[in-house]
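Note that chain A is present in both complexes that follow, paired respectively with chain B and with chain C.
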Partner chain A sequence: MGGATPMEALSRFAVDTPLVLWLLPLALLPFRASAQRVVPVAALDAGPADPLSRAIGWALRIAGSLALAGLIVGIAGPYRRGETVTRTGIGAQVSILVDRSGSMNETFAGRQPSGAEESKAAASRRLLGDFVGSRAHDQFAVTAFSTAPMLVVPMTDRHEAVRAAIRAIDRPGLDYTNVARGLAMSLSQFGAQGGTVSRALLIVSDGAAVIDPRVQGTLRAEFAKIRPNLYWLFLRTKGSPSIADKPAGEDTPQAAPERHLDLFFKSLGTPYRAFEAEGPEAVAAAIRQIEALERDPIPYTEQRPRRDLSWVAFGVALLGLLVLVAGKLAEADVRRGRRGIPQAAEAPSERIAA
Partner chain B sequence: MREHLARNLRDGRFQALAGAAFLVVLALVLPAVPLTRTGVSVLAVVDITGSMNVRDYASADGKPASRLDTARGALRDLVTALPCGSQVALGLFTERRPFLLFTPIEVCADFAPLDGALAALDWRMAWEGDSRISAGLFRAAEMAASLDTDLLFVTDGQEAPPLPSTGGPRFEGKPGAVRGLIVGAGAYALSPIPRYNDRGREIGFYGSGDVQQENRFGPPPADAESREGYNPRNAPFGGVAATGNEHLSSVREPYLKTLAGETGLAYVHLEGPGGLAAPLRAAATPRPLPGRLDLRPVLGGAALALALAAFLFPMVRALPSGRARALTLKKA
Partner chain C sequence: MTVLDAAPADAAPADAGPEADIVYRPRGRVPGTAVGAHRGRDAGGLGTFRDQVPFLRMPDARRIDVRATLRDPFEGTHVRRFESRTAIEVWALVDLSASMRYRGAADRMALAAALCGGLAASATRIGDGFGLMGCDGTLREDVSMPATRRRGIGASVRARLLAARCTGARADSMREAARRLVGRPKIVFVVSDFRWPEALVAEVFAALARHDIVPVVLADASEDEDLPAWGLMELDDLEGAGRRTVFMRPALRRRWLAHERARADTLRRIAMTYGRPPFRLEGRFEADALTRHLIGT
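Then we have the complex of A and B:
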């Protein structure tokens, strides 16, 4: 604000209905016509020059002009534009990648939820919903994936919209877990700008899948470019293999996709943590940890609302009108009434204003 | 003194100016009047199946535009046209069910993410290739009911695979319980459907042999006996391969109108990337939104009229009298 040039300061003023401003020439009307009564005087030159009368006459003209101009501008609805201010707060850009495969609708015990039981999707909905908006300056993007990746909400600081996306994640899911394309899309959510911003990629899934070796190279390059902090919130179903478990037989990606996805993430060279959660409490603990880890300065924009200026215009109009009303009240007619002389002395204005 | 004052108070121009000043005072002190406006709360479900890639619309610069592009443009236009406080949820449709991307989002405060999500709608989000419109529509109606919103279902109406001769599934809900609009996307003439490979690149169009032309599940149709090579046991659908136009696509308006009648929704054809706001507001449940009516322009306008009258009155009155004086001068 301080460094703004006068032109910039001026450009921040605007009106709602600019067409009304075409009436503004009407504000010159008081210089042409008067609201005062016309009093015929035989010869104006007969009277002495009266500076006071002249001044009152001009005051009435200017007041009339101000009154009309103020009303016209007031009707047009003047305001000062809102502005966006960039500041620095504490937070991070978080791209959330949510698994929407069908198994997310089961409980941590791998059953259909019944009674008070909570499905994995419902638990992550509840806990992620608390996470979003717990800090004012975080930015979030939501991507869903099953067979295909779906961009749900682009990177935004509108937390209500992000929560609306989180609220949808315990709806019935789709078929499969195809994590590779989901990862690519959630990485693309970070956009190109901002090298200093803390970026976090949070994957919420209950399973893993084989990442095609051909895609692995592309993903590696993307991770190296964006360098997000990677968090994998693995919602493990009881009895299913853990990230660390080595399969009894052959150790291939097909036999133990979770373990190999973990190995792939570790090999990326970006900061990476996996949280294995076997219940809602563990999910909550993991989210608290992520929150504590992502504490870096982030530039955020603050929207200053526009300020209404109608009252200024109407105030000016009111001042002008009050002067005009006073002028009308002080009118006296020289010819009328027997007490002509004191009136003329009292109200010398009308001769000039007439 | 009093005499003069009384005369001044009776003066029409004084009264006009005083009235104008009074109206301006009112404009300065009166708060905006609260009133209710009508908004909508709607779940938009967009068909993203293959036939929505048909390019049978023209974009603003005259280039062909796909049905999905046009529908996306129409939805973005709709979001800007709805009054603040209205809410829009978004879902995708392919296979036989809608998939909810997000629950309702307010269209003004959260415009940027909503617009971004609409702009990102893509056929590549589809998880399966089937397009069972009626099943998807019925489940979308259930979804809208669970979200307590109206429904806006954008589709071209092409069932893939084609419906069996016995017809599609029946609507089990209460017709009219969910209000809203079916939007038919596509031109009325048949157009070829673009085909994509598994990396998402376009590789031509579907040919007549690439798609199922007739649904041969369930009992055969009534006219099967008259078909060539018909055999009740070995060839109940006739002896020759089915032919048809299922590899080409146009908007299936009669079918969509039937579905609209069955579910109690209204039907409208998508004419271009816009124009959905009026039919939606006509079909949707009106939802009261808190609004405010600013009285200041009205009061200010009345004050301006009074003040102008005070200044113009002597000029108007002067006109005929001036002419009269001119006449007397001539006579003299």
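Then we have the complex of A and C:
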């Protein structure tokens, strides 16, 4: 926007029917002919020079020209093209990956919610909803996953849409947790934009699953390319193993998927934090922390819709016409004065003749 | 066009009644031999008594003044001399530039035509010749007429002028017209609105200096006194000098009138150098007013 040259600024304007613009030379007519009643005089220099009169004369001509030009341009239907403006604000690209497995419908206590209790999904919905609205220039993408990943909202700065998507995450979940495919999709949400943007991948889940070692390689490559700040909001059900807990038995991914997912994330080499939340307050605290961490300049795009500009043209025409009407009303009635004299002079002679 | 439409209306009152003659008196004594109505420079045997001269200066035995001869103690013989009555040529130099198309309270060309028609009739009635020259950028041969003493040319002069097309932007051929008026002094009516450059006015008057110049200014009330006090006017120059918007207001009107007065004063100053102040012909042509002006100045 700031670096736009005049030509670029001009190229944003367009008209519906450009053919009408061929009439524009008509706008020069007021400089040849006048709408005022013309008084023929023997010599122009009869009167003294008068700057005010000269100014009024030019004003009338310009007003006539403007009126014609305004009408013609107005009829042609001018508008400013819709455009996408890139600006810089404070915020981050946040890709939210939400677990939609069936266990999210349970409370933090691991039961079906009843009465005033709220499910893990409902709590995360409430808190994430606040997170989304808090900063104007954040961009969000929402991906849900259970067995298969679901693209809910692509990366966008339309917070209303994002909030709507988040409002939908407490719909009853289904099936199992397949983290790997969800991660892959939420990573793909970042798109190919430049590396200056602060990117955050926020995983909200209440459990983990084994990531296939074959997929792990692909994910690693993706993470290395995009380098998002990784936040794992682990909604831990009371009594279930923590991220750090070593299982009593065999320490395999199958036995302790949370721990091994955590280890996998740590091994990625990207900034990574895990928040283990055992209740809504803990979730809120975790989200506040994320909010505070992600503060970087972010270029964001703003959509400007096509704007109809014919009112400007018609307004200019109206202004010109008003000036012209004022000029017309201020016209001196020279003719009547002239006609009056011969009549007055002839009337007595007729009376004498009679 | 408009000129022709308006002409009968304006000319009708002049035609209706017995037209008053324009009476004029040339400055000084008129040279020439043609018998006419004005006091001649030459002394002759007929006319009003002028003076007595010794017989040897005018050896005309028929005019011996017996009484004066007897009264002379030196016994000289005296002869009476009588003033000859001489005709003079009256010329009208009419400006035919486009500004003469102006119509205010009266049609300017109709006024000029009425004036010249009356002048032609009056001049030929007393035996003077009347000649006409129309001037715009060039001398207008279609309008011009050599001096003639034929009577009853008033109507044709008027028709000639009313039919004249005024299109020129200048009246420069007034100079040439002045050069053409050679010979004995004449009475020259310069009929114009005198919206000329001051230099041209001075030059034309200087070229006509040997004649008796009567400037007739065609004026119009709508050009000065009847200007509106308020309002916008879009002035269009008849001579093609363009247009001009004027926002008339009392202050400007005052300046305007002062400007017009200054122009009239300039013309008057120049004209007075050559003998007569300009005659202002305005509204309607009245022969009596012109007569008063001619006799009074």
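Convention: the second predicted complex is superposed on the first by the 220 of 354 C-alpha atoms of A that agree within 3 Å, B and C clash if a C-alpha of one lies under 4 Å from a C-alpha of the other, contacts with A are read in each partner's own complex, and residues count from 1 in each chain.
Following the convention adopted for this analysis, contacts are C-beta pairs under 8 Å (C-beta built on N, C-alpha and C of every residue); 3 or more make two chains touch, one makes a residue touch a chain.
This structure is a prediction, so every number in the text was calculated from the model and none was measured.
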Practice prompt. Determine, under the contact definition given at the top, whether A:332 touches first (chain B), second (chain C), both, or neither.
Written response: both
Worksheet item: Is A:82 contacted by the first partner chain B, the second partner chain C, both or neither?
Response: neither
Worksheet item: In the superposed arrangement, does A:60 touch chain B (first), chain C (second), both or neither?
Response: second
Worksheet item: Comparing chain C with chain B, which touches more residues belonging to chain A?
Response: B
Worksheet item: Looking at the overlay, does A:46 come into contact with chain B only (first), chain C only (second), both, or neither?
Response: second
Discussion item. I'd like to know which partner A:37 touches here: chain B for first, chain C for second, both or neither.
Written reply: both
Item to complete: Pick one for A:217: touches chain B only (first), chain C only (second), both, or neither.
Response: neither
Response to the item:
Where chain B and chain C land on the same part of chain A: residues 34, 37-38, 330-333, 337
Response to the item:
In the complex, chain A touches chain C at residues 34, 36-48, 50, 52-54, 56-57, 60, 327, 330-334, 337-338, 341-342, 345, 349
Worksheet entry | Sites on chain B touched by chain A in the complex | 1, 3-5, 7-9, 11, 13-14, 17-18, 20-21, 24-25, 27-28, 89, 92, 97, 99-106, 109-110, 112-114, 116-117, 120, 122, 124-128, 143, 296-297, 300-301, 303-304, 307-308, 310-315
Fill in: chain C residues within the chain A interface of the complex
13, 99-106, 108, 193, 195, 221-223, 226, 228, 230-239, 241-248, 252, 255-256, 258-260, 263, 283-284
Worksheet item: Of all residues in chain A, which touch chain B in the complex?
Response: 17, 23, 26, 29-30, 33-35, 37-38, 64, 67-68, 71-72, 74-75, 77, 100, 142, 144, 146-154, 156, 158, 160-162, 164-165, 167-168, 171-172, 174-175, 310-311, 314-315, 317-318, 321-322, 324-325, 328-333, 336-337, 339, 343
